[in-house]
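When the chains are written out, they are named A, B, C and D in that same order, and each has its own residue count from 1.
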Amino acid sequence: MKIEEHQNNNPSKPAQRKASDFKIRSNRLSEFAVQRDYDRCIKCEVCIKQCSFDVHYRDEEDDLIKHRPENCVGCHRCAVMCPTAAISITPNPAQYRAHGSWSGEHVKDINRQAETGGVVLTGSGNDKAAPVYWDRMLINASQVTNPSIDPLREPMELRTYIGAKPASVKVKDGKLASEMPPQIKIQMPILFSAISYGAISYNVQKAIAEAAEELGTLYNTGEGGLHPDFYKYKDNTIVQVASGRFGVHPDYLNAARMVEIKIGQGAKPGIGGHLAGEKVSESVSITRMIPMGTDAISPAPQHDIYSIEDLRMLIFALKEATNYRVPVSVKIAAVHNAAAIASGIVRAGADVVAIDGFRGGTGAAPKAIRDNVGLPIEFALAAVDQRLRDEGIRNQVTLISGGGIRCAADIVKAIALGADAVYIGTAALIAVGCTLCQKCYSGKCNWGIATQNPYLAKRVNSEIAKNRLVNLVQGWSHEIKEMLGGMGINSIESLKGSRSQLRGVGLTSEELDILGIRPAGM
Amino acid sequence: MWRIRAIPEVCIGCGLCRVWCKVEHSDSKNIHKAFKPNAPETISCVELEESGCESFAMQCRQCDEPLCAYGCITGAMTKDPDTGLVTVDKKKCVGCWTCILMCPNGVIKRDERNGRSAIKCDLCKDRGFPSCVEHCPNDALVIEESPMNPLAAHSAPLSGSSRGDENILFSEEVDDDE
Amino acid sequence: MSIATSIEIDAAGLYYKELNAQIRDAVSEGALKVVLKNVTGQRYIGTNLYGTVDRDTLRKLEIEIHGTPGNDLGMFLDGPTITVHGNVMDGSGNTMNHGRIVAHGRAGDITGFSARGGEMFIKGNAGYRVGIHMKEYGDMRPVMTIGGATQDFLGEYMAGGVVIILGLTLKPGEAHYCNHVGTGMHGGMIFLRGNIEPHQIGTGVGMPELTDKDAELLTNYIAEYGRLFDTDVSEIKLEDFTKLAPLSVRPYKQVYAY
Amino acid sequence: MNKFDYLIIGNSTAAVGAIEAIRAAGDNGSIGVVAHETEHTYSRPLITYFMAGKVAEENVYYRPGNFYERMGVECMFGRQMKSVDVEGRSVLLEDGERIGYGLLMIAAGGSPIAPPIPGMDRPGVFFMNTMDDARKAKGWLQHNKRAVVIGGGLTGLKTAEALANLGQEVIVVELAPRVLAAAMDEACSELVRQVLVSKGIEILTEVQVTRIDGCDDSNDVCFATLSTGEVISCDTVFMAIGVRPRIELVKDSGIEIGRGILVDRHMRTNIPNVYASGDIAEAFDPLFGGQRVLPILPNAYIGGRVAGMNMTGKEASYNVGMSVNSVNFFGFPFMSAGFATQEEGDGFKVFKKLDGTNYRKIVTRESKLVGMLISGDVERAGLMTGMMRAGVSVEGMEQDLLDGKLGLICLPKDVLEERIHSSGRNWQ
């Protein structure tokens, strides 16, 4: 059915048109300054073609390339593509008057809202300088007493099994006699986290899927459904079931190695999501199984889950639908009582619990939520792991943590804190080209990542992107092996939950307690 | 032999191929000097084709049956039997532009900088590797390397004696080699 | 090996997992009709049939339930017809793709949640959030016909599909008691027979006139309801229906500051 | 009797095309070339450039000096063929020698048309058909300064340009109402006229030269009398009325002739082991849809190549031959292809655009491009001949074609795909 827009015309009110009806009156200062070295500029117009925000233009009269800095989002595409490095993008030196309490960002956001009356949107992860606890934990290494291992010459095991582990197993004639819950073997404890087609372009999702295939790990479709072309990567696919239930049907569920129920997302705990209708292209519509051009609304809760009991119902519905063949994961945002919730999830029968910290990425989130709601993943992970151990149910789940994993050391620390594996999302997108300009929600991503505009989406060559992703994960895997070797450990299994390998620096005793680690020097 | 091929699916229409082609075919081979306001005009042998969201770069395909060379009235345009490269001898070219009229891809240009001569993609043979391919930011230009088709030689020496049986050009019955 | 195309299973004392496994086995072995006796709250009936037989065969399969099935009856259903001689609980037809659920009784909450296709017929009343986030896609359009009335949040977030509320359980002149009807609705339509006040309807929902196509659709489904439940529907007049449809496919367009 | 596997009559473009094709096919058979000129193969269109001193003598040659040696060809230059014996597979030369062949290709070209004008034999009257003509004229012109060119066709006008470049006073005399009437329409030929006139060339149309006279004290050219009765003084006369196929060479041989030697799409004559190509042949023009003599260089080479291929047993067909001309006068380019002079009607649609000296005209038939004419901005003109050969529909693109805005990207997907991927061997 086609829905027509109904106009409410009030004939009694005479029409008055003010200047503000035609134009948004902006009191905003440009966020960025564009500097063009005219000695270097060759007027090739590459910058003009590369900028979807219409910053650069040719002034025919002066025969010069000029710019509109007020449009610049700081994505640096022009600067990178300029063949003569003639462009530099810097923070605008003209700033609002410095103020200890009212930052320029506050002033800008207030103006934005005063103009539009809307919720301030943003993309990618929390950019505030909240403490990153990874940076305050240091990893141990062996010296003399326990020899370190050289991973270049000696076997080093990063293989990880995703799935619930029974409390005990029976072995008969040297073989496993117990029936095991479904397990997925991955080659390294790194998975690509949920990023939906719709939020990102086809080519990026394809690159991620292919990278997962090549690396022997898994990627997650997010809640955007599975494009028909991507069924061929099913051995490496995690499909998500979220509140929007987009593209969820028996084929989809049975195409996957794992099904994940998405309760929450680190960047926007407690709220749903709206994929704007203009991003619902034909291909996205096929994938999400909704009409083109309509908003794809993911409600805040899943309306069949109002309790842990309801969650159990959905978990087992999915197990029934997949005939108990695949593990079922439940992903939650790291929130204050994450430990108790995780305990409930395990008791509800989930095989995997994924916890997403507050620095996790998003394609679109209200800024107020992204920057102020949730918990650092380090605390949530430590608390969840501890709680599950205390309750004696830690073995019943695989714990995956995500949300701001930036490097191999973060992964080593996460595993030492109790994770079985990590989800990487933003890091993967950076490998593909993302420069964290945070304009994902605009659909105009100049790097071709967070867009459905075919002109922009072509900018990601999935072959190049796949290779970069593979390189990144392989590089990290090497580093993890080096660190393990340094600790004298030859298997990632042995590091799991081994918090004695970590020491805190500059942390309060409460923080150390929560993390379950000792201060450096002790 | 080498050929450059466009991959329209990932061509982003940035035009850097054109920029670097101009640089390579300038006197200075320096990007700043080549584009200086008073520098001699620079010519790109790459044609960036764009229509809406679609784009690709096209340069000489070094045809096995080069109509440009067949139409050349002076013998300046030839296909090298060893490298497969279709080249123009600037000393011989008189600028009649028959090659421009013959090339179905429209990738031969007029070069009137020092006397009239046709100019076309030379695979940057002085440079060793085509600059447009090297500078394409998205691998939308690739080098295809294929064995030289003996029949494709425009003017082959007597020694080449491999006698293939395939039909060639002009023939309705022809199956393309791909 | 041959198997009767109709098979009867006594569900008494069976855990849902065992019951569903038995149904799956029966269908795998060629049963085209499965009759379940003494069903007492077993969940997910019809959910696990993916991959048993080909899609066309699945579409011919009939499951007849005597007793009261548990939650999520026919969740992810993709083909079969389920007839329940009794009430159904919460989440019937949850994320259903194709098929038919006929309940000779009442239905619980979130009936037809997120359904993308198929048909549901509920003889009596239904609970809260009925038809929530129903969708449609291509030629798939779920249609839910409810003989009685429903609780609040009927058709919340509806993105497609059709909900028909016949209001047969209301006393003459009695108004519908559901509030917040169609909150966040951005697709699909609701046909509601009987009185409803504007304050009961969510913002962004309009009341356009019935089109000829609507009338045809209603007539067909009312007739089918009458046939399935052996009910006289001659009293049901098209002019007693209110049609509810969203004013925009982008209800939250204005919420954000760019 | 001397015998060759391949005997080629003629030493110009078509002959070179055939020789190169035979050798490219890896065939080492013996090749003999008989030509009445004594020159190494040279480019006929360049002789006016040579006369004007724009092209050095060594650059007039179409192939390097060691070409015949490298190709293993035995040259019999300065010798005229007299007749062919298709039964006995041999050729009789004027000097009496008989040469046998396995396969024969006749590529003897055309000879200039000599109108019966009194005074044609006077010193100072030249043709402009061979290198020898150009050489002789070049010497003559050193001490003369006023020339009449009879014929306003391509050769005539290129001769006029060369003469003007040499500082001669030039008068072109053309029988038709305008110059280049065969290749161009009125608007375009007017542009050519303007270019020539601006360089001081005088152009007389709808007149003929009726006689050429000497002076009292000399037999040399002195005056030319026009059909109008006007007498103009001049010291040189160039005959550039045109060429016609030298079909008299095969008269009564059994080889079928029309206006030229009739050949099929394999450039084979009615006699199985006799081929013909170049200006002497009357070959298939796909656009025209029939046999035509098209004496232009690209077709000569391609025809020669096709003949060469077929002679070695590699099947190839001549499908791309159509009329194409690219010429410039004093640096100002003109191009034409196919039905360039066609006007609206007879199922043709014609679109024109004149902008200063830039002229564009396209001709379509059943929405396919079948002709074009461009002056000035000739950038990417090959796209259009490519479209003509590919036979793609240009419906709706006419304006873009006129504006020169059309690119390959506008081609139908399958054609474009072929262009991007093909190795350039199969231009239908």
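In this text, a residue touches a chain if its C-beta (ideal position, glycine included) is under 8 Å from a C-beta of that chain, and two chains touch if they have at least 3 such contacts.
All of these numbers come straight from a predicted model, not from anything done at the bench.
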Chain pair with the greatest number of C-beta contact pairs: B-D
Chain closest to the middle [Cα centroid of all protein chains]: B
For subunit C paired with subunit D, centre-to-centre distance based on mean C-alpha positions, whole Å: 81
Whole-Å gap separating subunit A and subunit D, where each centre is the average of the chain's CA atoms: 69
Chain centre separation (subunit B, subunit C; CA means) in Å: 65
Separation of mean Cα positions, subunit D and subunit B [Å, integer]: 26
Subunit B - residues contacting subunit A, complex: 9-16, 18-20, 31-32, 34-35, 52-53, 135, 137-140
Footprint of subunit C on subunit A - complex, ascending: 1, 3, 5-6, 112-113, 115-121, 243-245, 248-251, 253-254, 274, 276-277, 285, 289-291, 293-295, 297, 299, 303-304, 313, 316-317, 320-323, 441-442
Subunit A contact footprint on subunit C (complex, rising order): 17, 20, 24, 43-44, 47-48, 50-51, 71-72, 75-76, 78, 90-91, 94-95, 97, 110, 113-114, 116, 129, 132-133, 135-138, 140, 156-157, 159-160, 184, 186-189, 206, 208, 245-258
Complex contact set, residues of subunit B against subunit D: 3, 5-6, 8, 47, 49-51, 54-56, 58, 61-68, 70-71, 73-75, 81, 91-92, 94-106, 108-110, 112, 116, 146, 149-158, 160-174, 176-178
Subunit B-facing residues of subunit D, complex: 17, 20, 23-28, 43, 45-46, 49, 54-55, 59, 61-63, 67, 70-72, 297-298, 301-302, 305-306, 309, 314-320, 324-328, 331, 333, 335, 337, 378-383, 385-387, 389-390, 407-410, 418-428
